[in-house]
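Read through the structures below before going on.
First subunit A sits with subunit B, and in the next complex the same chain sits with subunit C.
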Partner chain A sequence: MSKISITINDEPYKVESGQTIMEACKEHNIKIPSMCHFDGLTDVGACRLCLVEIEGQSKLLPSCTTQVEPNQKIRTHSDRLSGHRQMITELFFSERNHVCAVCVANGNCELQDLATEVGMKHVRFPYLFQECEVDASHAMFVIDHNRCIMCTRCVRVCSEVEGAHNWDVKNRGYKVRIISDFDTPWGESESCTSCRKCVEVCPTGSLWSKDKAQGQSKKNPQMIKDLIEKRKVNL
Partner chain B sequence: MTGSTKTEEPKILNADDSRTKLLNAAIKKSKGRPDALIQVLHTAQGMFGYLPLEVIRHIAHALHLPASRVYGVVTFYHFFSLKQKGEHTCLVCTGTACYVKGAQEILDQIEDHYHLKPGQVTEDNKLGIQVARCLGACGLAPAVVIDDEVIPKLNPEDTQSVIDSKTGAA
Partner chain C sequence: MGKEILIHPVTRIEGHAKITIQLDDSGQVSDAIFHVNEFRGFEKFCEGRYYTEMPVITPRICGICPVSHTISSVKACEMIQQIKIPRTAELLRRVIQQAQLISSHALSFFHLSAPDLLLGWDSDPATRNIFGIAEKDPDLGVRGIRLRKFGQEVSERITGKKIHIMGIVPGGMSYALTKENRQAILDWIPEVLETTHMSIDLLKKYHADHTDMVNSFANIESMHMGLIADDGSHELYDGRIRLVAANGDIVADRLNPLDYHQFIQEKPVSWSYLKSFFYKPMGYPDGIYRVGPLSRLNVIDRMKTPQAQKEFEEFRALGQGRPVHGNFYYHYARFIEILAGIEEIEQMMKDPDILSTDIQTHASRNQPEGIGCCEAPRGILFHHYKTDPDGKLNQIDFLIATGQNNPSMNQAILDVARQYVKGDHIEEGALNRVEGAIRCFDPCLSCSTHALGDMPIRIELKNSQGEVIQRIARG
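On to the complex of A and B.
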């Protein structure tokens, strides 16, 4: 791997070629907000929060799926980007029913943290108030579609780390939902191994363990990150 | 759509059935490669008119794909259908022009005579009703498509007689 020179927020950096912009920023302690990115899983560029400005390009590009290029001039924070990030966050809240007060993840929720980080004070868009199912058919876990933001971390961790591929996405547009098997109730799924990886990587209170009540759910995404690293070593 | 795999359906796939043979031939031609999924689903949809769960399960297994992935693809594309569309289909355009010219009256007539709402199929599976958001034939409004044949400027009062004559129903 060769080193290349890039500029991030007017500061020069030497980074590995082949890295994504997000990886390069992380290495130099530049924090870019993101919901769908999870260290070790394939990036899908779904949440659009990590969009960055690149000089010479009119379009904003997701830093998680864009590779660094020599002499690239990147801007990770600007008024334009903060405006977009705030709007995206508001859209997350308006799409489904994120009621923090009664949520298991209240206080330990990446979506809540994001709203604080981007300075969301209110939601400018009308709420859709979609009717979403809560599937509690699994013996240990619950999937509450009201809290889901379709980051698809659960889909990817199940497919790439556990290898079961119980989860996937059905439909399109605002009707998209996470499904197990043939849209089978989770408890009747033939492929779920009950490994709880999806629960640990879920950034919100969409996937949670039945032994947790309101505000008690504490996710352990670091465990999954470590697991991915350990499996790399064994290969 | 709340799906449940527990409903007992009559067996659709069996080794002597010509449709099953054609489906298996399509799978064999793809050499069981996962990326042939859409092609194989296309073949199956063409032969069965819809994609019964049993067929999806068979395809998922044959192409070494997870069940949820195949189900996701089927629900993503409008071309694929999980429910029977009916032997004959009647597609009513409800685009702006057709709506103004009386598409709703046509749908009301259909509901009166056949007790069908858009997306539904008669119990004997003879006729299915669908709606489209503009066929791009606004000059023919209100337009109805019966089994790939466009019926231009349909008078809502003639709805039943036209459908019956085109579908051969009594």
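On to the complex of A and C.
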């Protein structure tokens, strides 16, 4: 890989060509918020939190799926971006039914952390109060669609790391839902190996283990990241 | 034309309510009705949740007695799981339960009721509150606040949180007690014991100075229900149910809480979201009973600890062989329970098992149904869950103490209204006394109706044609 010159937030950097903007920023300790990105999994640009400004581009572009280019001038933080990130976070909360106080992930939730990080004080949008299902048919785990933000980490970890592809997505817009197999109850899935990788990468309390109570449900996404790295070595 | 008088500050009860006082043609009080106009709905909107989430959801019913909801809830979950918890976990739960009871009773007395007693029923409403007490008697005011704080700090030192604690989980506890926190709790004991004895002395002096009022204030007779331990002693966490008649005879003994539906019936009424409860075999209204501190002390044989036992004997002597019925004695009963709570916490803190880290067992759903029961500060509390094969709740029933006291609260209001409401005009002091009758029960309206409410207490005076001739509102 050859090195190219770019500018991030008015500072010059030498980065590897072919990298995404997010990878380049991470290498230089520039933190960009994201919910759908997970190290080692294919990026899908779903959450739109990692949007950045690029000089010459009228649109904001997701840093996780946009590659660096020579002499690119990137801005990762600005008033405009902060406003967008706060709005996106509020939209997460308004779309489904997030009640932190009674959530199993309370205190161990990436969405909660994000709300703090972007300075969310309240939600300006009307809540949709969608009726969402709780699927507790699996012997060990529960998926609560009320708390899902459609990051699709579960879909990608199941497909790309476990190789089972139990999870997928149905519908569009606010009716979009994660499904098991061909939209069957999780407990009836023929593809699920009960490996719990999806539970560990889920950033919220949407996927959780039945044997954990609130305060006990500490997820371990690092274990999955390590697993991905170890598998690369073995290959 | 009726007129509306607004009196500030907001009334001192936990929740929102109104009262209607009905006058007959001669202007005398003929009836009084207590309306609770809040609706919570937890029984309905929790349907479809996984059953082990309930110990986290149901404490949000109440900020005063969340521990009671958690304990009844985990016990129902543990029945579904058919699981026994380690001894240390039970000890820690008992400590937190006693701590909550102390905190709740201290709030009820010092923040809600004591202003009437210490500052006067007819004193300026603007200063008839905990700040008024702190101004008149700074030492007592601070002690009252610190007594409540003690209860909350015990919870914090065990679970990390003062109110909606997270550590009580199906199968036991999440957090073990540390040596440092045990010592910190023990260090508090002498101060809170002293405050409790001071308060009891204060209450006894008030009784002596106002004997007629104390003995006649909302002095209704009813049956009493409460939990008792195997040896007949005072029990909050577990045990069987005893029902005592108004004359002191035992009507039913050693009833299994799991069979509650066989002996307790709920009766919805059109004027309130709060249901009325009664003892099923005797029907309504013969089966009306009371629960809570007064009732607990009327059904048990003895207290578990020496200082509380001494006060208990004095308390029971007031009844001269019969139960103590006067609602004013709820306050005395609360302090005897606070005393017992402090003594029991000290005993449990010194138990060698209290620092064990063997605090949780694990199981999954082993039967579809579970019932959990414990004594909340305001009386006996039941949680009843039914689950589908996946463990999702399809039927939920809460039997809340305030509902069980509802018929008696209506009787008490009627009694006080007849005593203090004369003619077609209500003085503020009368409103306060009617409220005072309710405060004796220390009802938790948010607990009992599952609150969207924003209504302060309101009294309506109606003539015999049902027209509102006067309305008094607060808030």
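Here is the rule we go by: the second predicted complex is superposed on the first by the 234 of 235 C-alpha atoms of A that agree within 3 Å, B and C clash if a C-alpha of one lies under 4 Å from a C-alpha of the other, contacts with A are read in each partner's own complex, and residues count from 1 in each chain.
Just so it is clear, a contact is a pair of C-beta atoms (placed from the backbone, for glycine too) under 8 Å apart; a residue touches a chain by one contact, two chains touch by 3 or more.
This is a predicted model, so every value here is computed, not measured.
In the superposed pair of complexes, A:Glu11 makes contact with neither subunit B nor subunit C.
When the shared chain is aligned, subunit B comes close enough to touch A:Asn171, but subunit C does not. In the superposed model, A:Asp183 makes contact with subunit B only, not with subunit C. By the touch criterion defined above, A:Ala101 lies against subunit C but remains apart from subunit B after alignment on the C-alpha atoms of chain A. Of the two partner chains placed around the shared chain by superposition, subunit C is the only one that A:Gln214 touches, whereas subunit B remains out of contact.
Applying the stated contact rule after C-alpha superposition, one finds that A:Asp79 touches neither subunit B nor subunit C. With both structures placed on the common chain, the touch criterion links A:Ser191 to subunit B but leaves subunit C unconnected.
Once the two complexes are overlaid on chain A, none of the subunit A residues touched by subunit B in the first is touched by subunit C in the second.
In the complex of the two chains, the subunit C residues touching subunit A come out as 48-50, 52-53, 55-57, 60, 164, 166-167, 169-170, 174, 362, 364, 390-392. Every residue of subunit A that touches subunit B in the complex is listed here, in rising order: 133, 159, 164-172, 179-185, 188, 190-191. Against subunit C, the residues of subunit A that register as touching in their complex are 101-102, 104, 106, 134-137, 139, 142, 187, 210-211, 213-216. Within the complex, the subunit B residues that touch subunit A are 1-6, 53, 56-57, 66-69, 71-72, 75-76.
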